[in-house]
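Worksheet: one structure, shown below.
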Amino acid sequence: MTALPTQRHGGEPLLRAENLTMRFGGITAVKQVGFSVGPGEIVGLIGPNGAGKTTCFNMLTGFYTPTEGRVFFKGADVTSHKPHAIARLGLIRSFQKTNVMKRLTVFENVLTGHYLEGRQSLLATFFPGERVRRAEREARESAAAVVETMGLARRMNAPAHLLSCGELRLLEVAVALAAKPTLLMLDEPAAGLNSHEALLFGETLKTLIGKVVQSLLIVEHNMELVMGVCDRIVVLNFGQMLAEGEPREILNNPKVAEAYLGKAAA
Amino acid sequence: MSTITMDAPDRTATAGDPVLRVQDLHVAYGSTAALHGISLDVHAGETVALIGANGAGKSTTLRAISGLLKARSGSIDWNGKPIANRPPEEIVAAGIAHCPEERHVWPGMTVEENIALGAYLCRSKDEVRTRMGMAFHRFPRLRERARQMAGTLSGGEQQMLAIARALMSEPRLLMLDEPSLGLSPRMAEEVFEVVRAINAHGVTVLLVEQNIHNALAVASRAYVVQTGRITTARPSAELRDDPELLKAYLGG
Amino acid sequence: MTLERNVLLGLGVLAALLPFAVTDQYLLHLAVMALFYAILANSLNLVVGYVGEFSLGHTAFLGTGAYTAALLSVNAGWPMWAAVPAAGLVAALFGLGIGAITLRLQGPYFVIVTLSFAEVLRIIANNWIGVTNGPMGLAGVGQGGIADKRVFFAIVLGLAALTFYLSYRFVYSNAGRAAVAVRENRYVAQSIGVNPFGSAMQAFVLGAFMAGLAGGFYAFYISFVGPEVFRFSFMATIIIMVLMGGKGTLVGPVVGAVIVTLLEEYLRELQELRLSLFGLIVMAIVLFLPNGLMGFIARRREQRGDAPSLSPAIEERTV
Amino acid sequence: QDSVKIGLVEPLTGSVAYNGKSVVEGAKLAVEQINAKGGVLGKPVELVIEDGQCAPANSVNAVEKLVQKDKVAVLVGAFCSSATAAIMPVAQKYKIPLVTGVSSSAALTEQNNPWFFRAAETDALMAKAFAKILANDLKLKSVAYVGVNDDWGRGGVEEFSRDLSALGVKTAMTEYFDHGTTDFFTLLTKLRAAKPDGIFVAAETQDGSILVKQLQEMGLQSKVFGVGSWATADFINLTGDAAEGIYAAVPYVSSVENPANQDFVKAYEGKYKVKPGKYGAAGYNALNITAQAIARAGGTDAEAIRKALAQTDYKAPNGNYRFTAKGQAYGFDAVLVRIEGATPKVVASAPVEAPQ
Amino acid sequence: MDLFLQFLANGLVVGVFYALSALGLTLIFGLMRVVNFAHGEFYMLGGVVGWFVTTYLGLDFFSGLVLVALVMGSFGWAVDRFLIERVRGQGEEPGILLTIGLSIFLVNITLLAVGPAPLKVARAITEGPIFLGPVTITKMRLLAMVIGVALIFAAHAIIHRTRLGSAMRATFQDPMAASLAGIRTKQVYAATFALGCTLSALSGMLLASIYSAQASVGGLVSLKSFVVVILGGMGSFPGAIAGGLLLGVAEALWGGYVATGMVDIIGFLLVILILVLRPQGLFSIRAERA
């Protein structure tokens, strides 16, 4: 386990959620949740089904507008900004329900992920100069490399709809990585991977930190993975914060065991 | 193809004729083959697991059995009768329920409606009501959300719903494709409890599961699938005790 | 990508040679109409194939372009070279306005709301008699100018070349990929930083601009513009061209435009049976070539193992 | 060439196909009769029919084909004024005479297109012929005007209201409706509130019959008179007893009693099992005028035909057709009919005068 | 005030007729998501077949109506099995093209068969005005309204109260899950299409007996029906009624107080306005989340 300090640079964390609350009609899915992710950190967000993890993700990334509370990213208030605007700041996420561009090949999916790097004016679109061409070439090379990293090289030119469930999960992560996130947020990335694959995946994640991404926020039910990679864990239950701490503390927390882990953890 | 030898099916099989017998099943998606001759037997009252790496063909096998996919060749027999290439609705009617991967709940219907429709083939309203009561009993969370649109449930809630719905047809054979996917450890445990309980009531279970530990804990036997073929069939205990062997199979 | 470019270049060269080989004015007329439709089909394709939303209101842009050119010519005496670009620009402005409203919607709602815009414009054109001359339409656009069909052919070929160049650049650019991402999966697109609205807007306005150019040309060529340029029957023709040729490809709409133009003329021989048969042919194409002709060709290539890509729909559609 | 080709562009599909088809029927009858008498220039006349769908672009396509591929000597068409307006410059460019038997927008003959001839009334001419009769004989004090919302309907309403107002008839209401409208209750509610003595309607068969029927359903009693092909069996059959007593101003009605017309009606009825209406006669006349001009020209030289057309003096079932310098026909008789016992009875008849 | 009441009455009657003519589309487009451009032609065929069976087979109006339902139901079934089925699951576009082709074919083949003239369909009861205070209405309109409302309720009941209805909704939301629940999805698709076609045709015959039947009426009916379905919200029957009434009344008031010349613009303006304010139509809910 990497023993990084919670906030390496002191000062402002990369991502900070304050008092987040989300209500749908009569249901309060998330209630007054606050936590932060510092630079270089891998943070796990766990909790029983329906605890509000995905809803938090959606609020953090602008897909939902929080009923109450604020979100700060890199010190700026991004509450209720548009998803793409938040993504442009370097906060990239994946989805719980498999979301890929099914009719594009694996390579095309990942290449598309490089969108932000290649943004250009309309003029440059219609009359591309050398700079644009170079950016395009680089994007292609980088895309191939990312596909490789995620272990999908074999499937490079297969349309995504031909992939099995587990492969799709990996592709999603690849697309997110292609967008060069500062903070990468993954919603159950290992769902659909078997125990062994999940462990390998965890190893891959750890290698990303500091090189490809600064920090990670992961929602995951695979405890081996979570405990193996996370520096710190935040636990939600019924939309509220239940606990926060290092993996060992969480494992030993009886409330967490009761609400989330079940007797296997005992 | 691999260094691992193919075990003879009868070595691990329980006595008597199998209720489900799949022989030399070939399945393809369009022009790309996915299964290259799968054979497996499931006996009455057993819980059998299919395990294997990503993309090995586990889900494809279940889809072929439940009629969602056509078999190129090979046979599938249910209680001695061939059911290969019959439409799914006939296969459900024959007593095989398939809870598919990725949940597939009906997003625009309420939780209640989703569950009720699981018993589509049951024409007695009272009977459906009893079964619904049972479903809500098994998954209290769903009772709380009975009137919510299924599409707005959390991932895990949808997974519970999908399982509850599959059970509504009161199948003789229940095929679960990654039932613990997206469930919290505690919830996963509860689901496996349910599986055990159902099994104890005489329902045969064919299980695809990524959480090998859990799978081997409930199943009495397991088949390992590798790139569209069965490469091994062993009692669960043997596999459980030999993590190295497992790793070799599942490494992908 | 290069294949598609080469095919387009080849078609362009062939088209440029046409006036030297053909002097029959009737055939030239058909060629002009085919190219006019190719521009239109290509512009609709930008929306249907690359935004991934089905616009039934594309005639709004054809119509505003045609009316702009006609009004500028009839009232202000503008020559063609000035009026046609102006038509494109005005149509692009309309595209911006209409897009601002419609692109917030998806699926069936988008389909019908775009249609509504075209109909509203048609009804306005039909009733705002002071400006549009109402149902009487504007006659005598650019009269007394060009008599030779070859000149018109050269002009429409030039316009086609321009519009296909623009589309080609757009489609194979980062921006085009972003549009495809939105089409394929809105959520993913947003999560990698694509502004779905802005990205769709680019393609939409570009399509509107090109349709406006086509409309401006149409006004000068037919020399008459009436409210029926907004009509759904026009729309249906363009849709048939795009889908018959294969949406989401650049060559498809050209092929569709040529085939439908020729088919409609050829079927004239059948008199009353003509449209019934046309309907049957359209249905047959959908049933037997569900991805359009280009899709069919791509699939054939794939089956022979020429193309590495697996799905016909994808081959030309992206990157 | 072993035949003389005449190109005919009419809507055979679409919303006015019904009327376009009548034109074609009349034209075919004329050609049959001409050929039975040996054709023109010693050759049979061949009619090449194209569907213009009443749409400018389609009509232009059709004309391009007729001129370039079929090499027709004369063009006849294209029904709707907008379509005709679109093909006029084409005709001019190729120097092919163009005769329309239907398109009634006054603007067409104001374009100084020497190749264009209109063998039809305009609304202005109809109004001039009948306004006085309507105002005086029906003793109307106020009239409500209703017209289909296109060039023709608007033209009819404007011309009639102008001439009637000049005669001191008040305008109670002016409303337009879109072609294909099926429900007129709203319009009729307004009409009932306006309490006119008479209602003027410019509508074709389908719209007109529905409107007249609903007038009766609403229990309105005002006198109805209109322009459009109302004096036909189809109209009367569709409208039923609601048609009783209404007036229609038409350039042609089958019940006109003169030998030429009786022969025409007999021939038409023999061939098509229905009596000719306004549009059947229009097709018949346009074709005869054209064929006779070709005969007079002595060849298929376009300029000669154009000159011959300008000299037209054709004896139609409904009077004599001649053309003004602008190509507008005059001299034929328009009639005002009243529908009685399910047949149109001629009330008045007036020659269409050449406009100044 | 009297004038207003009459306008309102006119609008409500026409509104029910709009809802009625959009019924079939609510099923086929609203629920099945087939953008059916042949809807107007199904409606038109209802009128034309109704004309045929009442004129040539000498049936009375109501027997005619039943026969039309049977004929057009089988027709819809066949269209689904032999045409729509083959492009199912390939997105909107093939369906759009297919139904455009079908619509062109049906109009023109009907034109060939019965000619372009308007056709008179026998009436169910004798015509004649009824005066309700200041408001005039006719018996036939009242009857059509009653039948229309009955059909709307019947259709609603089928979708929301019967097994078939649940099967339909399940099939359209996730056909794979539906077939795993034992639903014969192909049959469900065909049955829905047949039902939609029947409803379109019934309203076509009903309204043809008030107006007239003609080969070319389809286009306008299609357009207005799309407007009604979108206004109300895809697949919602109460929505279709609301959309129809809204359109009918808005047109009547606009026609009454502004001008009848461009009433058709109202529907389209309403669509634009309502979708700007409420992107899912009046009566439909969204059940989707990221």
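Letters A, B, C, D and E mark the chains in the order given here, with residues in each chain numbered from 1 onward.
Note that in this section contacts are C-beta pairs under 8 Å (C-beta built on N, C-alpha and C of every residue); 3 or more make two chains touch, one makes a residue touch a chain.
A quick map from chain label to UniProt name: A, B = Branched-chain amino acid transport system ATP-binding protein; C, E = Branched-chain amino acid transport system permease protein.
Nothing here was measured: the structure is a model prediction, and the numbers come from that model.
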item	value
Shortest path length from chain B to chain C (each step joins two touching chains)	2
Common touching chains of chain E and chain A	B, C
Chain pair with the higher count of C-beta pairs in contact (D-E, B-E)	D-E
Identity of the chain that, by mean CA position, is farthest from chain E	A
Whole-Å gap between the CA centroids of chain C and chain E	31
Rounded Å distance between chain A and chain B, as computed from the means of their C-alpha atoms	30
Whole-Å separation of chain centres (CA-atom averages), chain C against chain D	37
Euclidean distance of C-alpha centroids - chain A vs chain C, Å	41
Multi-partner residues of chain D (each touching 2 or more other chains)	13-14, 149
Residue numbers of chain A (touch at least two other chains)	63, 95, 162
Interface hub residues of chain C, defined as touching at least two other chains	126-127, 187, 272, 274-275
Residue ranges of chain A touching chain B (in the complex, touch as defined)	24, 27, 46-55, 96-98, 162-167, 188, 191-198, 221-223, 259-265
Chain E partner contacts - residues on chain B that touch it in the complex	66-68, 87-89, 92-93, 97-98, 100, 104-109, 113, 116-118, 120-121, 149-152, 165-166, 169
Residues of chain D that touch chain C when the two form their complex	12-14, 49-51, 53, 55-57, 60-62, 64-65, 67-69, 81-82, 85-86, 88-89, 93, 105, 107, 111, 149-151, 154
Interfacial residue positions of chain A with respect to chain C in the complex	61, 63, 82-85, 87-88, 92-95, 99-105, 108, 111-116, 118-120, 122, 125-128, 132, 135-136, 139, 157-159, 161-162, 172, 175-176, 178-179
Sites on chain E touched by chain B in the complex	163, 166-167, 169-170, 173-174, 176-185, 285, 287-289
